[in-house]
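Input: one structure, supplied below.
As written, the chains take the letters A, B, C, D, E and F, and residue 1 is the first residue of each chain.
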Amino acid sequence: MFMHNKRLQYTVRVSEPNPKLATMMLEQFGGADGELAAAMRYFTQGLGEDDPGRKDMLMDIATEELSHLEVIGSIVAMLSKGVKAQLSEGQMEEAELCRQIGASSTSVKESILFGGGPALMDSGGVPWTAAYVDSRSEPTVDLRSNIAAEARAKIVYERLINITDDPGIKEALGFLMTREIAHQKSFEKALYAIEDNFPPGKLPGVERFASMYVNTSQGEGDMNGPWNTGELWDRVDDLTQVMPADGGDGIATVALDDADKAMATKLAARTMSNPSGDPLTGADLGAGPGAGRTTKGDKGGAPDIHSAPAMAEEAAPA
Amino acid sequence: MFMHNKRLQYTVRVSEPNPKLATMMLEQFGGADGELAAAMRYFTQGLGEDDPGRKDMLMDIATEELSHLEVIGSIVAMLSKGVKAQLSEGQMEEAELCRQIGASSTSVKESILFGGGPALMDSGGVPWTAAYVDSRSEPTVDLRSNIAAEARAKIVYERLINITDDPGIKEALGFLMTREIAHQKSFEKALYAIEDNFPPGKLPGVERFASMYVNTSQGEGDMNGPWNTGELWDRVDDLTQVMPADGGDGIATVALDDADKAMATKLAARTMSNPSGDPLTGADLGAGPGAGRTTKGDKGGAPDIHSAPAMAEEAAPA
Amino acid sequence: MFMHNKRLQYTVRVSEPNPKLATMMLEQFGGADGELAAAMRYFTQGLGEDDPGRKDMLMDIATEELSHLEVIGSIVAMLSKGVKAQLSEGQMEEAELCRQIGASSTSVKESILFGGGPALMDSGGVPWTAAYVDSRSEPTVDLRSNIAAEARAKIVYERLINITDDPGIKEALGFLMTREIAHQKSFEKALYAIEDNFPPGKLPGVERFASMYVNTSQGEGDMNGPWNTGELWDRVDDLTQVMPADGGDGIATVALDDADKAMATKLAARTMSNPSGDPLTGADLGAGPGAGRTTKGDKGGAPDIHSAPAMAEEAAPA
Amino acid sequence: MFMHNKRLQYTVRVSEPNPKLATMMLEQFGGADGELAAAMRYFTQGLGEDDPGRKDMLMDIATEELSHLEVIGSIVAMLSKGVKAQLSEGQMEEAELCRQIGASSTSVKESILFGGGPALMDSGGVPWTAAYVDSRSEPTVDLRSNIAAEARAKIVYERLINITDDPGIKEALGFLMTREIAHQKSFEKALYAIEDNFPPGKLPGVERFASMYVNTSQGEGDMNGPWNTGELWDRVDDLTQVMPADGGDGIATVALDDADKAMATKLAARTMSNPSGDPLTGADLGAGPGAGRTTKGDKGGAPDIHSAPAMAEEAAPA
Amino acid sequence: MFMHNKRLQYTVRVSEPNPKLATMMLEQFGGADGELAAAMRYFTQGLGEDDPGRKDMLMDIATEELSHLEVIGSIVAMLSKGVKAQLSEGQMEEAELCRQIGASSTSVKESILFGGGPALMDSGGVPWTAAYVDSRSEPTVDLRSNIAAEARAKIVYERLINITDDPGIKEALGFLMTREIAHQKSFEKALYAIEDNFPPGKLPGVERFASMYVNTSQGEGDMNGPWNTGELWDRVDDLTQVMPADGGDGIATVALDDADKAMATKLAARTMSNPSGDPLTGADLGAGPGAGRTTKGDKGGAPDIHSAPAMAEEAAPA
Amino acid sequence: MFMHNKRLQYTVRVSEPNPKLATMMLEQFGGADGELAAAMRYFTQGLGEDDPGRKDMLMDIATEELSHLEVIGSIVAMLSKGVKAQLSEGQMEEAELCRQIGASSTSVKESILFGGGPALMDSGGVPWTAAYVDSRSEPTVDLRSNIAAEARAKIVYERLINITDDPGIKEALGFLMTREIAHQKSFEKALYAIEDNFPPGKLPGVERFASMYVNTSQGEGDMNGPWNTGELWDRVDDLTQVMPADGGDGIATVALDDADKAMATKLAARTMSNPSGDPLTGADLGAGPGAGRTTKGDKGGAPDIHSAPAMAEEAAPA
């Protein structure tokens, strides 16, 4: 069961309202790596977890992330306070109000739709979705996802700090960013407290495919590194070796019964594409009067083409 | 630039059509941890990457994931082949066809909307969204996300293997699952080839908050572990110490100019909630004839309540 | 700041695992009217609220909804416990496991993707989205939205109770449903504690349009009721009176400057549709050999049409 | 069956094109509280409604909302007319055109993707989704949702009026806003024409939980009001009384059969987290050369930390 | 199986970084008509296609579209390169950095969340969704969808060319735009290589409804054209003829068994709306002290209405 | 302005309730090619269209599609009528009710959340989104999109007819399907009434790229057809010719100023990946006690691998 104390986990002191900065901060309120995503990630994992140590840790951190959601949301609320009152009481001149909230689409939506209250959308105006929560109910997987999520949240806070010059906001963001570092450390400890955690899950892989590195992107810029070279790796540079990687023909097949076969034949006959001939097409009809059919150059002899500055090939830079 | 060879990276041999199994396989075709998500994750990272070694690795693995998308999509196509032909040619008795595709909502959508062709949706019928791609343009972050993504993909393949008894599908899934293990190893090597990778990004944290563990979830079940106990951690059990964690009052404030202040006052007055009195409400009006107002028990004296088997409290199990 | 106690707000006693029932319960976990929607609705309102009484109430109820999210999520976790273990350890025969989780698409996704952990999606498998949260930062609006949201949540719990026969689940759902009634009552009181709350917001409407009822749907079934009849209403049955409702011509116009006018003329000329003539079309080309052009009946003389049992009009029921 | 007359329900006179203002207006075209949402809300309710009076009212208002969608869409089309022609005919200098449409992301999308035609997205560029439609097929619920929806639409129009200084647009918006007031009144009458409408639905609640108010958010700022105080309420300030609210232990349990129990045990053993010890982690490896392990301060002794102006704690405002 | 060569299909030469232009280009990277949509459309069709000619063509074009995705993504990456480095290394003054990325919401999201790496979202910041892919597994349908998709992609490139003045970008966009023209021609040829392709699919329509044109929108502006006039069409101007179009009563009915009938009667009784009387409503309660009930004018006599400049009707333009 | 008559455009006679069939029909109510998508596609085009003939046609067909939405929605309502009443009045035994609605996830959502009223979601339970509407404000593009959309809608109705054996539903679906054929014919006529409609839009392409066919997918199965062979085409089989297609180096470049260059260098140095060496990784740590590092075979010597029946390679079918 959750309880709430009216004091924030970190004091929020904002210098002055700024609706545009408010919408940038939304990234960590309702964005993909924001605090709701964090809270829900750990909370849903905690609910399904049976290991007592991990369950306790997940509920601890989930609860703290809710408190962080409150901190970042309070920053947004403070930054939006001026425009909220002006918009609500309608005393400011329309054009000025329009200019203030029109700094970005998100700011418009934040003001017109949400009235300046913190909304669970990201800095681009997209509503938060649980598609961001990638809990999978296997601790050797989820802890890796949590480590990555904390790393992502850390870097987003770092960027927000880099574009903010309000010292009170900078300080609060610094607190929140640091807590992500601390949480990442907890999840790292918890991952390695499971002694056999790689490969994740239970099934081992097929041995000869687990050390194969397929060099599918070739040309100037091909590089060696510990990720594809060394005793760990069987590197495949000749791609015909993996077309296919098994000993088969690389074709997809399914055994159909007679009824299905008959239907498939019928379908093939009905929709058969005639590879010979050169049918008249809708594009031929539409290529304009006198064109007859589209030709290689399309409209190519038409005088207006050569005067189209944007497209004439000779206008391109050498 | 991409090229394509018509042979698959792994031969696909499906024993018989099965539209319901097809839709389960969609999880790795158009699902959150599926092959399109993997390909797009590494491809977008590769496009933005300047480090030559990582760029090469990302394009290698992105390209291979596209080939995996082709393998899993071919499995779906083979499993759907019977119903596709029957649905298209309309020779099967309607009720039987309805029964075959009606095994799940996803199967209905796969058949009716997509006609049995592989669709980029997950096993629940939800279209693939780029919200699954969490590239952040910082290698110490992205490589951790990639490690986690490979771990997730691995476990989902493991589960699909666990529910499949078609040996050809099982074998192809085993190949795909193993490649995720190999990719995870590559990303691990690449992460640790960046010598100073923790904390991710450039800004260090605030020292005293980086080692603080806040025990926000308390009660029976509180546990110790390396994630919250030991020399690494300053553990906070008395939560009043972090209300707030700084030396402030835990309140959110913003400095408003006079115009904004005036508006805020006006807004407050207009929408003031009168805390005294007990206003008549819409619910009071709606509580039924003779009720006057809702009382503590709502409809409480009405005879039908006690006979409502579902809700009468005494009917609950002891 | 939030805190958590490991005991639930209501004890959850589930009789036996049931993955299909689990996914039905998801409606109130990650669905449109579920507990996350409720918690986030009140939490975001509370963050932006300045009236002390309403702010306190919103944080109280938001926090309780988080505890309800925990209760309903625990029900899902208990119902999924069997399949989670079987899927993870892979000891059950594949076909049997496939059958157990294959009862619905959502159940497949819950099992294969989420591994049996409670996921923030609805009973149809759609991820939760903040688009469900309709806070608008005006208390006379938001309180009405909250009243409606509680009413919706109440009826969804009622339906879940109607399809459940596990007494422990029924009892917990009864608790949750009743709390929605209580919350609705609180929001009703808070709405009417704002003495002048209708029309919501600040601007009055235009008098003569505020009492107009436009009878736009006519024919057999036209009815009178207090919503369109009586002294409150000026009812418009002759729709030409509101084409338009103002004294104008009912046309949309914009004043363009000369440059824009010139461009608009050019655009019109380029894309002009020739209303005379009867151009040959792509459909004409595609209507089959010998068809020349599509005629009124399309393919109408073709013998296969009359034998198509589904479509021949005479086959329709009398 | 629907019919259409080419005259609008309200004449639209726009002073001059303005693509940025156009995109603000989109909020009521393709936004959450916009006219499509309204039309579809009442239309879907009307289709499923059997009560003749309500069915008639719902179809009346749904049809009118479609006409409002036409009015607001016409405003958008007029405001976009200049940029549409310029973009289509490509006669304006590129940089100037880029500047005109680049006023907001939504304006870019409206121009580049939709070519200046009204698009069913909101002011933030998010496509309309039926997730906004909260019809639930229970009139005592749906009418409350409709009342709330009209209140929301009213306030959004009010805000658009507040930021518009084009008198023709202001007038048309005033008409649309007022009609929302009228519709709200109709829905109110229809709700209270159902004599027993609270609690909504059929099941009564559990008596003792229907009057309980749980004061979950405590601390300075705790308030009394008619929503939590008075004869209607049993207020719980000591939260241990509701941990849990029933007489149980507040624990979630499920009865597993032997097979499931065996599997659960196996799963627990495989993924057990070792709470003792202090494992070396990936973060330890990544904390940089010479670091050995992460320590409390992370990188704490590194000279560059103290020079990082953003984060050094002493740089925070007093 | 896919392979990759590190050279692009078209050389990308960008004159200077420009984050705002970068986000405009996203429309063809992660937008509805962008290259990922194209690639996935043809790829999913190719996987399910059995006709050898069409399958080959679809895989050819799908693969080329992936190369186009690489070209447009490289343009985005180049345009974002400056801000990416500044944001990552944090050396620029905060306000200046904030200004640079704050040109639009999408630019903020591209910078703060994605760090300047190309993201699969559109110019409005909305993540790519597979809902854009409209493959239906019937070639006479899919080829028409492909033709339309290429036409859409062509026009979006044309608009991007119109707003770009960087010659290197203009040239690359010209290449990409032209390839859409070429692809449209291929799909046209493939459609008409199926000799009988209209109506699409297998079932013919009902003859008398296939040539009916219903003039549902009437009034000034009613027009004739080959789409509704001529020997092909039976035009219906008197709409009562199609209410309904069959010989029935235009009513929806279902046969219910006795149990369902009984329940439906019970439901009707419980939720019956009383059409007589004029119930007191919540809006009446909320219309303010002294109002008693809402009257026609709502608040109409209140002095503050007349002073509300925005809404008083007399303030509207003549 | 829209008007409504209470009679449907086609009489709906449903034989008996069937919630599972109801949810299949949702595909054309709230699905991608359903009637709302059609209505909104033509309505938004009509609003922005200035050509009088096309504007009239678009509003005619948009309005008719709304009437079709009403017909298909009425079918859904009739099919859901039994379960709606049973669910609402709660008289059926719980398990039986659970079984009836549990036939698919969509049916569960349709019943539990929407109470049996027609909901704007598809047969897979996904809410309708305006992302389905691909109007682009250029008639030579939009008319092609409309042609394709009608073709898609036709085939989906055909499939629904194929799985339905209720004669009344089959007849109504036949009407709706046929109207899509008629609408396609209208849009074809309108497209070719624009005399010069190909390429769509205004800009011609670059001549030499408009006739190039790039054979990117090679291997057994390469085919010739009118789409890639003949006088229209310059076919490229040697892909090195288009790496790149221009005369450049196929590399993406941007000119950076000195400040940006300095930052880019700094970023590169900070995140440099060391290509030599073989760093110890997190996966090495996690590969289990005694493993030291992961080796080629991962866990390869562990006894449990060989006994894992699913994955041991020798267990794969020959």
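Following the convention adopted for this analysis, contacts are C-beta pairs under 8 Å (C-beta built on N, C-alpha and C of every residue); 3 or more make two chains touch, one makes a residue touch a chain.
Keep in mind the model is a prediction, meaning the values are calculated, not measured.
Note: the chain lying farthest from chain F is D, by mean C-alpha position.
Put simply, the chain farthest from chain A by mean CA position is C. The interface of C-E is repeated, with over half of its contact pairs matching by residue number, by A-F among A-F, B-F or C-F. Matching CA atoms, the turn from chain D to chain E amounts to 120°, rounded to the nearest 5. At the interface between chain B and chain E, two copies of one sequence, more than half of the residue numbers in use appear on both sides, so the contact is built from largely the same positions.
Chain geometry summary: the mean Cα position of chain A and that of chain D are 20 Å apart.
Averaging Cα coordinates per chain places chain E and chain F 11 Å apart. One simple way to say how far apart two chains are is to compare their mean CA positions; for chain D and chain F this gives 25 Å. In chain D, the residues that touch at least two other chains are 1-9, 13, 32-33, 53, 56, 59-60, 62-64, 67, 74, 77, 84, 88-90, 104-106, 113, 115, 121, 124-127, 129, 131, 136, 138, 140, 147, 155-156, 158, 161-162, 171, 174, 181, 184-185, 189-195, 198-199, 201-203, 205-206, 210-211, 216-217, 221-226, 232, 239, 242-244, 250, 264, 267, 270, 273-275, 277-283, 285, 294, 298, 310-311, 313. Those residues of chain A that touch chain B in the complex are listed here as 5-17, 32-33, 52-53, 55-57, 59-64, 67, 74-75, 77-79, 81-82, 84-86, 88-89, 91-92, 129, 131-132, 134, 136, 138, 140-141, 144-145, 147-149, 151-152, 154-156, 158, 161, 171, 174-175, 177-179, 181-182, 184-187, 189-190, 192-193, 198-203, 205-206, 209-217, 221-228, 232, 239, 242-246, 248-257, 260, 263-264, 266-267, 270. Interface residues of chain F, counted against chain C in their complex, comprise 1-7, 13, 50-51, 53-54, 87, 90, 93-95, 97-98, 101-102, 104-106, 108-109, 111-113, 115, 121, 124-127, 138-140, 147, 161-162, 167-168, 170-171, 174, 181, 184-185, 188-195, 202, 310.
Looking at the complex, you find that chain E touches chain B at residues 1-9, 30, 36, 40, 43-45, 47-48, 56, 59-60, 62-64, 66-67, 69-70, 73-74, 76-77, 80, 84, 88-90, 113-121, 127-131, 133, 135-138, 201-203, 279-282, 285. Of all residues in chain F, only 140, 191-192, 194-199, 203-208, 210-211, 223-226, 230-234, 273-279, 282-283, 285-289, 294-300, 302, 304-305, 308, 310-311, 313 touch chain A in the complex they form. Listing the residues of chain B that touch chain C in their complex gives 20-21, 23-24, 27, 31-33, 90, 103-107, 122-126, 155-156, 158-160, 162-165, 216-222, 239, 242-244, 250, 264, 267-268, 270-275, 277-284, 294, 298, 310-311, 313, 315-317.
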